[in-house]
Amino acid sequence: MAGVAASRGRVIPGFGLTMGFTLLYLGLVFLVPVGAFLLYTTTLSWETFWNAVTHRQVIASYKLSFGSSLIAATINLVFGALVAWVLVRYRFPGKKLVDALVDLPFALPTAVAGIALVTLYASTGWVGQYLDVFGIRVAYTQLGVIVALTYIGLPFVVRTVQPVLEDLDAEWEEASASLGAGRLTTLRRVILPALLPALLTGYALAFARALGEYGSVVFISGNLPFRTEITPLLIVARAEQYDYQGAAAIGTVMLVAAFLMLLVINGLQWWTSRRYG
Amino acid sequence: MSIEIDHVNKHFRDFIAVDNVSLTFREGELTALLGPSGSGKTTLLRIIAGLEQPDTGRIRFHGEDTTELHVSQRGVGFVFQHYALFKHMTVFQNVAYGLTVRPRRTRPGKAEIRDKVMRLLELVQLDWTAHRYPHQLSGGQRQRIALARALAVEPKVLLLDEPFGALDAKVRAELRRWLRRLHDEIHVTSVFVTHDQEEALEVSDRVVVMNKGKVEQDGSPEEVYDNPANPFVYQFLGNVNRFRAGIHAGEARIGDIRLPAPEFHDRRNESGLAYVRPHEIEVYAEAVASDTLPARIELISVVGPTVRLELRTDAADDLVHAELPKHRFHALGLTQGNDAWIRPVQSRVFLPDSQVSNG
Amino acid sequence: PQTVAQERVEILNVSYDPTREFYREYNALFAEHWLEEADQQVNVRQSHGGSGSQGRAVLDGLDADVVTLALGYDVDALRQRELIPDDWQSRLPNNSSPYTSTIVIVVREGNPKNIQDWDDLVRDDVEVITPNPKTSGGARWNYLALWGYGLDKFDGDEERTFEFVRQVYDNVPVLDPAARGATNTFVQRRLGDAFIAWENEAILSVEELGRGEYEIIVPSLSILAEPPVTVVDANVERKGTREVAEAYLEFLYTDEAQHLAAKHFYRPSDPTILAEYTDLFPELDLFTVDEVFESWQNAQETHFNDGGVFDRILEEIN
Amino acid sequence: MSDKLAKRVGLSSVTVAQAHPRQGPAPLWRRATEEPAWVRVALIGTALTFLALFLMLPLAVVLYSAFERGLGVWYSAITEPDALAAIRLTLLVVAIVVPLNTLFGIAAAWAIAKFEFRGKPILISLIDMPFAISPVVVGLIFVILFGSQGWLGPWLSAYDLRIIFAVPGIVIVIAFGTLPFIARELIPLMQQQGKEEEEASLTLGASGWKTFWHVTLPNIKWGLIYGIILCNARAMGEFGAVAVVSGRIRGETNTMPLHIEVLYNEYMFTAAFAVSSLLTGLALVTIAIKSVVEWQEERRQKLAEA
Amino acid sequence: MSIEIDHVNKHFRDFIAVDNVSLTFREGELTALLGPSGSGKTTLLRIIAGLEQPDTGRIRFHGEDTTELHVSQRGVGFVFQHYALFKHMTVFQNVAYGLTVRPRRTRPGKAEIRDKVMRLLELVQLDWTAHRYPHQLSGGQRQRIALARALAVEPKVLLLDEPFGALDAKVRAELRRWLRRLHDEIHVTSVFVTHDQEEALEVSDRVVVMNKGKVEQDGSPEEVYDNPANPFVYQFLGNVNRFRAGIHAGEARIGDIRLPAPEFHDRRNESGLAYVRPHEIEVYAEAVASDTLPARIELISVVGPTVRLELRTDAADDLVHAELPKHRFHALGLTQGNDAWIRPVQSRVFLPDSQVSNG
């Protein structure tokens, strides 16, 4: 960040102090450790790295992790948008409470969430027993992974879409209606495009968070290699086997994936704001 | 298409926004809805469009009751104060929107839509912006695109909510003349909301003055300006001075000045208020006649070709504003602090019970 | 009135999950003993977790005075980093294992699937619960017990043994990362028909979690699980706690401690005390790791390392 | 519309009539921004079902299991010494992390919202990053950095400094994981508020500090509180990363989530849920405070509009 | 306290916002900075206040160099366009703020602050709002509180950025007269920014016209209006008509009409443009004299006492706007579409190379 050097005569004081503290803290807590970690990865030979991250079992875990995260984020995209819509647009009893509860997955420890979810969705659980009748098994299958990831990603989409929806001027919808458009057309052509940046952000955040989630998933997924084993669990497994290099290599892949994800969102947002002002 | 508003009422919670309004907008006319902030202009316009539902009363388009009709079925073109252009669509897509959302069987072909949109963009002189996005346009240009978009669906009625409210004084003045010319060309029944009396008077065929949800007066711009129905309208249409006046046998007396007030020919020795516009006050450097009022110049400001004076006189409670052409004022040779004599040459008298509210 | 202790000393015992209950009582016992013997108050801090991750933590700097882990391999890792000497395993009696256990099968009440021995676990109608040997030390004992049984049964035919173990793991629906998780899966979630577990865990779950709901099936042949203990020399040197740390481990071999181990369902290493608990610990044929696999190092390298036998099993299953 | 325009715009009057077909009885009036009632009910129903399955039932499980065996059992579970130690540790960590992150959030928001500098989008993206990094990787990063085999390990042990497997390690991973919360809350808020009020304060002769205390802080108060609340909740609930660096020393380096796992692994389910219920209760209190905050804000807004 | 701006430059990235401006604001005067949007008015004002740092150039207050002085030390009162009142403080606290944040040793006592604030609130006629919060006030009231707050620290210089920009036309007109009176009372050196020429002309002692970061003209309102330095200023100060004109020996010739243009007495047979304001055009129903221009009335609008006409004539490229009192127009008996004759009675001629930019 070359521009950080304070230019002459900033009128509002405190730039040096706040920027200094921001960079110091960010550096100490985040940049230096992550940098060191990436540097550590570069000490691996390319072959070690490549073998570690392309091991069949690891590839299978990518498929599960990325696939489930995508599905969970997509579920959250649809239902999160729906929940946000319902919370913003409609009135119904208990709305305040429901609105407040949306933050729960942020606040509840993930391990507790995992235990609670498996209690619910195991085939002996509160909900699982009824699903079992239809031959649907949730816990210990990919479905279980998706359930857990959906749970932890839920607030992201709701909380990014909600404020945008609240600010969305009724005039656009009214303009659309006055031009003869039906409700569905208005939704598709006016409301959704306006929500798109927020939806994308929420989607990407939910996805990135789901990709890295560990605590809640290990309880409800079967952890079967090749089938229900998520990538973060593999990282843990590698570390437990004193294989830090393997763990770091896979960790780097996850890190880069998450960074790319954020880069893409920020890029998209920059692009849309450029285009549409 | 004429619009008939028949005893329409609308309240929000315990606030009455539109209070038993009946009006008819005649086919092809451009009507201004004029009134102070909060007087219910927007609400009335939105009721006509079908964006709000009246509590009671009916709306008829060309005699046909449309009160229950959904906005998308009414065939009105609505131009919003802040344009409400679709940000993620180009200018072309914005204007084409109303056509492309039609059900397939009534939707014109691609080429037809293209032609029509481009012709509309030419009409508003903005065909060169077709591929831009709204944020790349100036306020005035956006306003015209909003108009083109509303016109694309060939509305029977065009409704404009403070169409120039968000624009600079200069652009505003240009656009309102442009609107007048456009209307003369296309002659669709139009209603526009404004709180700027100059705009209403300059642009419209007819002015409806509203206050507190009620219609105060309804007539041609000249009628409304020259014969305001009540002090509210009088005051709302421009700067005004109030003199204490005696009313006697069709005459108003301000000091020794007698002004005709024929509508009060049967009143004797009552007291009222005479309303006089600044340019209806003559200013003298000396007491040229017996019937002038002595005054003192408190402030002189020269605004281009005109000079505005503020004078203090015993006959009025507030400062009196007078306006005269610069050359006339210079001929008088007066400066700030001088004594001067003034004489209202025309006035409109109201009895105290029809006082001007603080609108 | 007690004599006031001259000093206080703290030591950290890094152990694995199922020993919590045992060491809680043992620490109190030892503290009493140490106060008498050395006139010093000792406070034993405990850390429990998966055996592998505990070993890793010590390697990474968790300053354990003693480690009491599930398998020799995890302790041996400390040796490779020179935290303990090469001869660590011979410093205490019985391969440094003051208590032992074995691997048994837990089934549901009445043994509805009629499981009698390891052979039954390959049947198609049997679901087996066992944790992941890659992450759980206990699970490696389970795996080795199966493998040893296979070798015995097929007269050392590695191919057929491989096929046998593969078939068992093919019946595993959930591979928990840790032993206690597997117990919960079997008990709480009621998943699976057979649960491979350490004997002490098996008895504990039968006693604590559902008396009468489970039965323990003792197989014909199993492995002698020897969870080793050792002083972490590098740490005690630095902290000056060698004396108390060594005494802590030596005291494990006393009668008192051996009885306590039995109380927590570990087999005492002292044969005379073990003999007192025959109804709790039935006799069965046992083999040791060294007998069948030469050493833990070897077992680990052949079976559990990346690309080892277990990885091949997983690949064949999928 | 006049024929003149119809001609100019090129549609016959026949299509004009078709533009707004009216068949059958007039439909009931509906607001332009509203859906028909049945759609509304269906949407609300779907959303609530979804939320019930994913939010309310897990919450119910935790609370039910915690109090299943009565208040007494619950109480003794949370007052047991190890539980108390875990609670104390968690509170200690939170007491360090939250103020630090608060300072960071305020400083970052101030620097970003009140000044122009190059690389601003990069800085904002960087602040976002910890959201996206797996807790497991976070743990790993610090083990690799501070572990005795790690890069700083030898140096640290030479000076007998303990970072991981001790409170500092726990503090640092939690600080890492919750880094963005307050900053993310404040940055958009302060950007939206601009800097006019601060400039006004400066023209009136106030110093930078006074401006911050008297003008900025009151303006960002509610956003700050909300951010702190969320950060606090996240900090208390962090599991994956802490599990890697805590060393799990009973009564010493077990935070509440780790203690819950311990209890669960000891088959003390009720106790595990009892401690969970504390965190859940905290989450609920959090939510309650947040609701109050929002309600206050809404009221202010309403008043402001009035 | 006089303010001297000495060769000040300021750029943002590659955009030059203030371009080598030198100006002096005299003690006690009220100066208007007038210019179109983006002309650098706000930037210049902020540089004076110390809210921006100039790239080069100096600022001197009463001869003393303050360029490097921090805003909090300059003793300027700054009134922001959107008031920037502290939302969470009452009106009283807002006005008292500047006094309460002083370091202890120079801070007045509680009672003293109270007195002073209440006096200021009385001055702006809002003492009854002391305990309200800003959001409980109307725009005009907030504006006056912002002013009182700025005055509380007894600034040597008062700077106002579009003080009435966010207000309704009516409130605006009232407040600007009020500001003028207030300034006459307190006589502090004041600079205010506006893009409304009427506001600038009516309120100020002096007008500085800016465009594209440069000062185009600097003089008294009458000077600037009557003798615009260039076409830009001419056009910016009001509606204007452009006629093609021949210039010859100190005369401008529009058709047969000859108008004096003494500044070109030494030019022969050149062509230029004659700028004429709408009220400087006389309109006739018949060709009363030989030197009238034939035209056609395209639009008539009656705005209160005045009638505005748009006429098409060959002598000008665009429509010609003319303005005359209503009674005079009625006397002519003209209606839309009629032919009419016009004659500019006064003009200002510029050579084509000093064309009006599209400001």
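Worth pointing out:
Each chain carries a letter (A, B, C, D and E) given by its place in the written order, and its residues are counted from 1.
Simple rule for what comes next: a contact is a pair of C-beta atoms (placed from the backbone, for glycine too) under 8 Å apart; a residue touches a chain by one contact, two chains touch by 3 or more.
These are the chains along with the protein names UniProt gives them: A = Sulfate transport system permease protein CysT; B, E = Sulfate ABC transporter ATP-binding protein.
Computed from a prediction, not measured in an experiment: that's the story for all the values here.
Least step count on the touch graph, subunit B to subunit C: 2.
Two chain pairs, A-E and A-B, are compared here, and A-B has more C-beta pairs in contact (counted per touch definition above). With centres taken as mean Cα positions, subunit D sits 50 Å from subunit B. Subunit D and subunit E have Cα centroids separated by 49 Å. The centroid of the Cα atoms in subunit C and the matching centroid in subunit D are 41 Å apart.
Residues of subunit C in contact with at least two other chains: 59, 181, 188. Residue positions 51, 70-71 of subunit E each touch two or more of the other chains. Counting only residues that touch two or more partner chains, subunit A has 11, 174, 176-178, 180, 236, 239. In this structure, the chains touch in the following pairs: A-B, A-C, A-D, A-E, B-D, B-E, C-D, D-E.
Taken together, the subunit A residues at the contact with subunit B in this complex read 169, 171-172, 174-182, 185, 189-190, 193-194, 196, 272, 275-277.
Per the touch definition, subunit B reaches subunit E in the complex via residues 37, 168-169, 173, 177, 180-181, 184, 195-198, 201-203, 221-222, 225, 237-239, 277, 279, 299, 301-305, 308, 310.
On the side of subunit D, the complex with subunit E involves touching residues 196-197, 199-207, 210, 214-215, 218-219, 303-306. Listed in rising order, the residues of subunit D touching subunit A in the complex are 19-20, 32-33, 35, 39-40, 43-44, 46-48, 50-51, 53-59, 61-62, 65, 100, 103-104, 106-108, 110-111, 114-115, 117-119, 121-137, 140-145, 149, 151, 172, 175-176, 179, 195, 198-199, 202, 207-208, 211-212, 230, 233-234, 236-240, 243-244, 256-257, 260-261, 264, 272-273, 276, 279-280, 282-283, 286-288, 290-291. Residue ranges of subunit B in contact with subunit A, taken from their complex: 49-51, 70-78, 80, 82, 84, 86-89, 97-98, 101-102, 133-136, 149-150, 152-153.
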